[in-house]
């Protein structure tokens, strides 16, 4: 009886392991993990909607938010307990010290922070301010990172672009500063003494809005000389400020293409190995 | 007499077939279909002008709109009847059941909806609200799609860009969300408690306007911390948000070039085949 | 005496010919033509300054404008007469009928319109309205075109981009129209019934300002649904609307590179031919 | 005693030389120079903060600014004296005339202007206006240029892009002018006679804001004809105005890549030479 129970437990534990630990599968994502990703995405959608005063004022929406939040806390709490439980199947996290090592990983701490503050608030009543709770919900982003290799690509692309990214970024920042100082002297100190250009930090805000071509229109030169300068800076500078973005985009695209190629190559080799193994088996 | 009449009818039907069915020609577009394309484009121009209050108030323009609409309904009605009539020449639409199959195709339903609601409204008087009629006119876009292979290229480009498009899109959306949450906390919750940043969905509107560099200027940060964050996000993020557009543009351009190459290759082979067949004929 | 005078006249005519007719030189631009280019550019600068009310109100500037305009009219009048005079040295414009053929060329008519209306106004007093005179001054742009091969590259780039440019342009326009119709229904007809979206042509103005990322901020959606739509359209559409510009830019750049290559190749061949010819001469 | 002192002095001078003169090292930057770069960057940060009225009004910040400025002046004064002192170790600056030649270099004059005006103001009291002092601080940018090879790349990229950059720039400027003149006639002269379009220079400001897609929203057409023109110009012109930036960006990126390649190649050759020399040494 006991042995059978242990076997069932072992079987369950193994099933949970393959369902929850991404490294347990070669490709793709398990149904449980896919559900967790969907819950995290939904929780971000609800976090956004919750902050909207026109929705929060309606009782129906408020009830929906409350129900959803309780459900999410419950799901993430269960998920956390099970993850700690099955982590023992991985050799590096076996034993009590291994379990402790598992629980102090970034991912595990994020898993905990993703539900614990909210759970305490639910159990104790409104002891924690709402804003703090909402900030803690952002830790759910790290839960996602586990399943999304793209975040990894981001870092690799930055490393790949390396010194080119640094040089172009330094140049862009230098141009922003020089443009801001020029317009500060022309518009803020001389001429119309515009309030929006009356310090270099304010002029930097203008320079960034202009050189990224966002151009909100909250700050713009009004003197003829300021406009002439701004025109020359805009025509010449947009290319320079767009350089780091271009360098990064091209590094990112290269990185992505290489990884896809490597993945396809692995897959082809795998299929060839299987095809090579199969005839031998049939010969045997 | 009767046989002669049938022959004439058959001849007319065949002429109509080659004029109306795009698949009946190897290349280019028949004069009748070109006229239909022009009528559709004109109907979109008139739809736009009709909605302009300053024009709709003038009797001369109103009369022009009415005349044009009646003419378009008449043309599309005749076109629909003739299309159904000649569809029988295509083997897959022969017979009554074939005709029914033809009439339930997307293109045929769009052909019907492109004139029927307006025709009913004209015959019965103003029974259908004007807005509904105008919405139905948008089905004329599908009439165009029949002749424009570019819509097809659009889909092929999306498929070609595939996982790269998905990854970059996910990254762009994640960045938009993170930027919005950051500015919501800085501008909406803390600091100046700006009304435009007082919920995450509103902050998302700002993030999209900024990271696409549209920058309407209806929403922008005003606190020093908010501006510092927005500056960093703008400088770093514009490249990331532009990535999916860049990936798509390059896939679209590649797809278009390949198709043009394939078309030119086909044409060359055709000419060579004709050149090869001709001498043999002259030898015979 | 008479013969000598004719010879001098012939020599002068020939000198004027090589100075004025661009085709008379293999490379570069003659000093006289360079001066004409500078005068044309200056006349555009003065045209711009003249229209500025704050400058036109000052007597000193007004005097400078008047003096400059008289000088320019005199220079262009002399240039025109001399050009007609020396055109006879080109075989295709020899004789009276050739001279007439020369005077009816686009360039010659532009040369005439670049000074004649202004000269008549100066001689007769202010018979011609100032605005008309200023419009006529724009014909001086065509005088420039004679010396600038880049305008020629522009046309060649458009032809080179050909069907790709057409397809992407059609797609961009279709997207602009669809985006405008969608926002017209959401913002203009439904919801807040914004005045700026109350007709499709007005919505098209919004769509173009948004999809080109100019974003003046004079028109923008205010309803949640309108903003959601606009966000999706902006994220997806900016890539599509930027396609024709990208296609053109790449065609232009290719065209420019090819021409520079061809020019360098010609130069190399020339030098080689000279180097090849020189030893033979020294051998002889 | 005296000889020993001279030797110590010579040793110190040599150490200072290797620490201060960038050419004394093959790669990287010395700790002293790195500190100077950081001080220059900090001085730009403080220059920006100092101009902000909300900070300058607070005594604590004012004290920080004053202390920092005195420290910077002291550091740069010491640096200048030491640089002049050790420059004698470079053969071209040896002797009194060499020292004079060193002190009249652009870098040395910038070094002097980076602290002298401020030092005089500190010693004499507020004899020099604050604005002038702040302008002089910008000379510190030239101090940076000594250590940043990227400024050099900028010039090389412009030379590399050469005639392509010139042609595209001319085309962009021509388009800006033509667009401005068109909108001046449509919006400023005819139609609504908008004040913002009432001269060509003002219309040029609109054209640049539009064609660079900055779009502040301080100027935009309001008449239907003006909007139609502006739409066509925006759709067609953005590609043209972005051309010079694109040409420059690609030249810059090529230049940067080539230099990195050359640097890596040098490094490889160096390592190979060392590896080749080492065995010989061990053989000997």
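A, B, C and D are the chain letters, set down in written order, and residue numbers restart from 1 in every chain.
FYI, a residue touches a chain if its C-beta (ideal position, glycine included) is under 8 Å from a C-beta of that chain, and two chains touch if they have at least 3 such contacts.
What you see is a predicted model; the values in this text were computed from it and never measured.
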Next on the checklist: Out of A-C, B-D or C-D, find the interface that copies A-D, where copy means more than half of the contact pairs are identical.
Outcome noted: C-D
Checklist entry - Same or different for chain A and chain B, when you check if over half of the residue numbers at their contact belong to both copies? => result different
Item to check | Taking each chain's C-alpha mean as its centre, the one farthest from chain B | outcome: D
Checklist outcome for this item: Separation of the C-alpha centres, chain B versus chain C, in whole Å, is 34
Item to check | Distance between chain centroids, defined by C-alpha means - chain A, chain C (Å) | outcome: 49
Checklist outcome for this item: Going by residue number, chain A touches two or more other chains at 201, 204, 213-217, 242, 246
Next on the checklist: With touch defined as at the start, can you tell me which chain C residues reach chain D in the complex?
Outcome noted: 44, 47-49, 51-53, 131, 135, 138, 141, 148, 150, 153-154, 172, 201, 204-205, 208-209, 212-218, 241-242, 244-246, 248-249, 252-253, 256-257, 260
Checklist entry - What does chain D use to touch chain C in their complex? => result 163-164, 167-168, 170-171, 174, 177-178, 180-181, 184-185, 188-189, 198-202, 204, 210, 213-217, 220, 224, 227, 231, 234-236, 238-240, 242-243, 246-247
Checklist outcome for this item: Residue set of chain C touching chain A in the complex reads 213, 215-217
